[in-house]
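What follows is a pair of complexes built around chain A, which joins chain B in one and chain C in the other.
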Partner chain A sequence: MDDAFPEQGSLRILIADDSDTDRLILSKLVERQGHKPIGAADGDEAVALFCKHDPHIVLLDLIMPRMDGMEAARQIKMLAGENLVPVIFLTSISDARTLAKCLESGGDDFLSKPYNRVILEAKINAFNRMRLMHRTLTQQRDLIRNRNRKLLQEQEVAKRVFDNVAHTGSLNAENLRYHASPLSIFNGDVLFACRRPSGGMHILVGDFTGHGLPAAIGAMPVAEIFYGMTSKGFGCEDVLREINQKLKRILPVGMFCCAAFIQADFSINQLRVWNGGLPNGYLIRGDGRREVLRSRHLPLGVLSPERFSVDAEVISTDPGDVLLVATDGIVEAENAEGDMFGEERLLATLDSVMAPRQVFDAVMGAVGRFASDLRTQDDLTVFALEMTETDESSEMSAGLTLSAVSGATEWLCHYELSDQTLGQFNPLPLLLHICMEVPGLRHRSGEVHTLLSELYTNALEHGILKLPSEWKNTPEGFGRYYAERARRLERIRGQSIRFTLRHSPSRDGGRLVIECHDTGEGFDYQAVLQHDHDPQCRYAGRGLVLLRQLSHSLTFHGNGNRVEVVYDWSFT
Partner chain B sequence: MTERPHLDEEALAELKEVMEDEFNILIETYLQDSQDRIAALQHALVAGDTESFAKSAHSFKGSSVNIGAPQLGAFCLDAETAGRDGRLEDASIALEQIVVEFQNVRVLFQQLLNS
Partner chain C sequence: MPIQTRRSDDGQTLTIKIEGRFDFSTHQSFRDAYEHNDSHIVGYVVDMSETTYLDSSALGMLLLLRDFAGGDSAQISIENCNGDVRRILSISNFEQLFSIR
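Here is the complex of A and B:
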């Protein structure tokens, strides 16, 4: 039809009446009102003409031969589908039950005989308005439906991109339990875990202000930085600083990320926890004690780099201890009455747990029973990390693949850091990066990182800063150790650490010689080496056991301030 | 039963205005249709088909009311009701009244057409 929806003016009006005179009168009335009448003598013809002419409004006599008005109305309404085609019954019946049946069959109104032209005109106009309104609604509904479908498609694509950037990292580690909605990214929640090249792992759980795309976009660089820097061997302080700086720069005012950053070192059973704006985290000890890890910082993306503090709580743990951290989804989970789960219920749940390992299931179960609404689960991001005796997973995290066979195999490199740089810069990622240019050495990055990191820590903390490692044997000494470390770093004058790295290829691998020379006074390495086998002083050995295990040889020169490690490796 | 005029002058005047040139055709069509309907009513009565009788009376009533013949419309309603109730005798009486009244209406319409 040429014009399916005239706003005003001429409408096509189907008139079905078996009485020739009635049809004549109605046609004339309709025509005088500016519309185009289409006449049908019975219900059959009415349905046929409806298909042929696609009229806007239908006037149906109730009693007609061949097919009566009700059946015609049913068929016409079915043919019209979603379009609103008003059907007005022409009748001289006033029996209520019959009239009701007319409406049930799909009729919209009645027009009684004798016809009144004023009423007929008013009804046609009224139904045309309704028809137009219906059309507008339908169009808008379709528009919204299409937009919504498109939005969901876009989110789906965005999520795929995001998953490639953020991936699940090491979330599938055996000692890690977590819950995160598959689309949590659009709730503004992030949960990342990544193994460190030196062993141990980083975990970041965060909650962006806002929802939807803006939150998802903010999460992308966080994932990039988190996985990129962690894989390269950076520590939690460096990663935090970089993420904060990035978010501060890209997020609009008022948008930020409440987050907790956890660095877990399994070999020395130590946790570093930085909490900025998330609810309390809990460390549940094997003996039932519980430590609260409060938010001590502003969220990420709020403070400028100069004012941002990366001070993390350092906690000495035992194997079997479990750390539980969640976004506000747990305490703010609502039940049907609108009450929140709250911290009291959470603490009661923690109290009820017999063994740390059961914490995750207990909390998830309690929240699930409290808030039966599934939407709560969608807004919930939570993980429980169990400390383990050893680092079961020293294989590298995803994303680092074997490089090509050609590359740097024979080289010598000196690198020296002095004074303030010692306190402000971590040279390990850079040194590791240089070593990783050796083809095939990449899958040994964990071991190389451990060697570099042990040597550097020894040189800095013991050699130059003269910190006694015995302090780390007690929780109080632990705090003192790190406070003193920061204090002494500030005052360094005329000190330096010099690395000499040399690599040469062998038949099926290569030899990496690392020499670390500090300007400190050295130490009585003979005495320390004798203590090596005493399990009680696990921090006192300067990690020398580890160095010796990993390397072909470990030798001390001078006063013990020059250490040489020879590391032989093969492709197999 | 209240007496109604044979023709509703007011309704006819309006109809004339609406139909313009086609008024005469409308009246002629009505007169022709009505003869057919009366024949159908007689046929149904003879056959004892009260349902068909009621339906025909109903349609006849509608067009008579529309054309401005209220008295004929009223007799048609009697016929329709009698037919639906299966009262053959009353139906027969109503049909006689319809036949008589239609004669009156036809005479009046023909005068109108010739004037």
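Here is the complex of A and C:
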């Protein structure tokens, strides 16, 4: 088969004609044009010789004994399979219907008797060109098919790696419902959820520009940073800043990630929402009111770290309120006519919902009915988070036996931060990390984090920055509180916060003593402690209650600027 | 042609007008529109009066233009956007990077 496809020159040409004279004339003509003729006296022989000699072009007389031209053409075409073997009928008939039938049986053309040398040569050349073009196309198609198969296999593997990174965490939490389109292998959408050590949760939903592998590659570091930093106790500002910086560095200009970042704190009923480039998110309240969470920032990966803003909206919630955030897949979901679902339909759906808990099903139902087939919407990612604390102990594995206990159990640590560092650095992950070196204490990381975090927040916001917690009694005051916090942080001079941590083992656990000492003026802690159970105090003053509930003892020293917490814990 | 360019009389401003959908299929011609001009251009105008739709890859292309035109010092104004286009630009907060009129 080396000469199966000669570009020019000699072709093998099968000539089937029951008239010896006609066959001889045609053979001579073909030979004179430089090709090799193969003669057959009827259709049967033609098929046999076709199998034996594998000719490039076949010339068939229409009427022959044993098997006529049309049947021979059908069989030859079948034997040739994907290869193009031009079949030309030889005929003296000029009846249009018969000629048409020739082509229907698989013939490619016909040649009228008596033969014209010039026409014969032109037809052979033309069909040879067609044959070569067909061969090139087939080869290219096979090449593309193989490459594509390989690419899909690679994506399949990459997808498994990606899923291991992206879809771990707390997406299966009871208070979280979500939909992520399974249609394309990588659709550029990401959805991450992770519990914070202090309780509460971080959620990131994002939509990378573009689809496919580039988007997935961008998603990998985002997942790593998100899960890594969140589980170490960093807050949403720190995680966002890190993700933006990373994406800015690795993504080419023009590629970025529209995203919303949510920090949910169920114990104090507070949401922090940062929206950069996603459509409006909605907080649906139990009394039917609705809050709109607009995009106020550029997407992640656009701005340099100096210009990037991590200001999140701080919203106080009630238990049972539901937050709904989606990528543009909801509003851009198309129906069969190419109309988009749009914001109006979304708002109408939200209006129709009687209880916040029904929001997710209502929206998915409405989009599903509108688009008729959700599977064709390739980048629809949406989640609904209910502001309800769930039982997280079921998600954590104990996996530690008493006999395995060894490590840092008896130690003392001083750590002091001052001035600008107070505003720029969050010491909690570091302090938590030190505490977690105590074997067995890791399972109490939530409580330890809360203790550290409440102590630090009190020392910084009330002790040093002198922010009045009463401001937080109204939703409007909330905003003012956090704006003022940022302003005062900038101007800190000569201030510091000092932590002293001490751990000692006990018979079945240990005792952690945390002392937090700030350089502020202190406060009238006697008066505040009496207000503990004041029901008017909805948004503020909960920190101290929390500290007291979690710890064995809570003591104030000095003017109230030195606080000591004793935390006893056991393995059981 | 979905993309047309025009130089101002003083040759310092290049107006790029996009007709129809501004999405990834426009990528090459949008780049050609500004990359093959000489260096006397000071400012750019992206005319969206005939643009019906804008997707996120178009936002990416606008960022590429901004980078080409000098990044933070680029002078680019996006003009005559219809409601939908305007909405997408403001969801992404592009008014922080471009002057949108």
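Operating definition for what follows: the second predicted complex is superposed on the first by the 479 of 572 C-alpha atoms of A that agree within 3 Å, B and C clash if a C-alpha of one lies under 4 Å from a C-alpha of the other, contacts with A are read in each partner's own complex, and residues count from 1 in each chain.
Assume contacts are C-beta pairs under 8 Å (C-beta built on N, C-alpha and C of every residue); 3 or more make two chains touch, one makes a residue touch a chain.
Keep in mind it's a predicted model, so treat the numbers as computed, not measured.
*Asks:* Please work out whether A:132 is in contact with chain B alone, chain C alone, both, or neither, and reply first, second, both or neither.
*Replies:* neither
*Asks:* Looking at the overlay, what does A:347 touch: chain B (first), chain C (second), both, or neither?
*Replies:* A:347 contacts neither chain B nor chain C.
*Asks:* In the superposed arrangement, does A:21 touch chain B (first), chain C (second), both or neither?
*Replies:* first
*Asks:* Would you sort A:314 into first (chain B), second (chain C), both or neither based on which partner it touches?
*Replies:* A:314: touches no partner chain.
*Asks:* On the A-aligned overlay, A:67 touches which partner chain: chain B = first, chain C = second, or both, or neither?
*Replies:* In the superposed model, A:67 contacts neither chain B nor chain C.
*Asks:* Given the touch rule stated above, what does A:32 touch, chain B (first), chain C (second), both, or neither?
*Replies:* In the superposed model, A:32 contacts chain B only, not chain C.
*Asks:* Show which residues of chain A both chain B and chain C reach, each in its own complex.
*Replies:* none
*Asks:* Under the touch definition given earlier, write down the residues of chain A that touch chain C in their complex.
*Replies:* 207, 209-210, 253-256, 258, 276-279, 295-299, 302, 328
*Asks:* Quick one: in the complex, what on chain C touches chain A?
*Replies:* 24, 56-57, 59-61, 63-64, 67, 90-94, 96-97
*Asks:* Name, in rising order, each residue of chain B that touches chain A in their complex.
*Replies:* Listed in rising order, the residues are 11, 14-15, 18-20, 22, 25-26, 29-30, 33, 55, 58-59, 61-63, 65-68.
*Asks:* Any idea which chain A residues touch chain B in the complex?
*Replies:* Residues in contact with chain B: 18-22, 24-25, 28-29, 32, 61, 63, 90-92, 113-115, 117.
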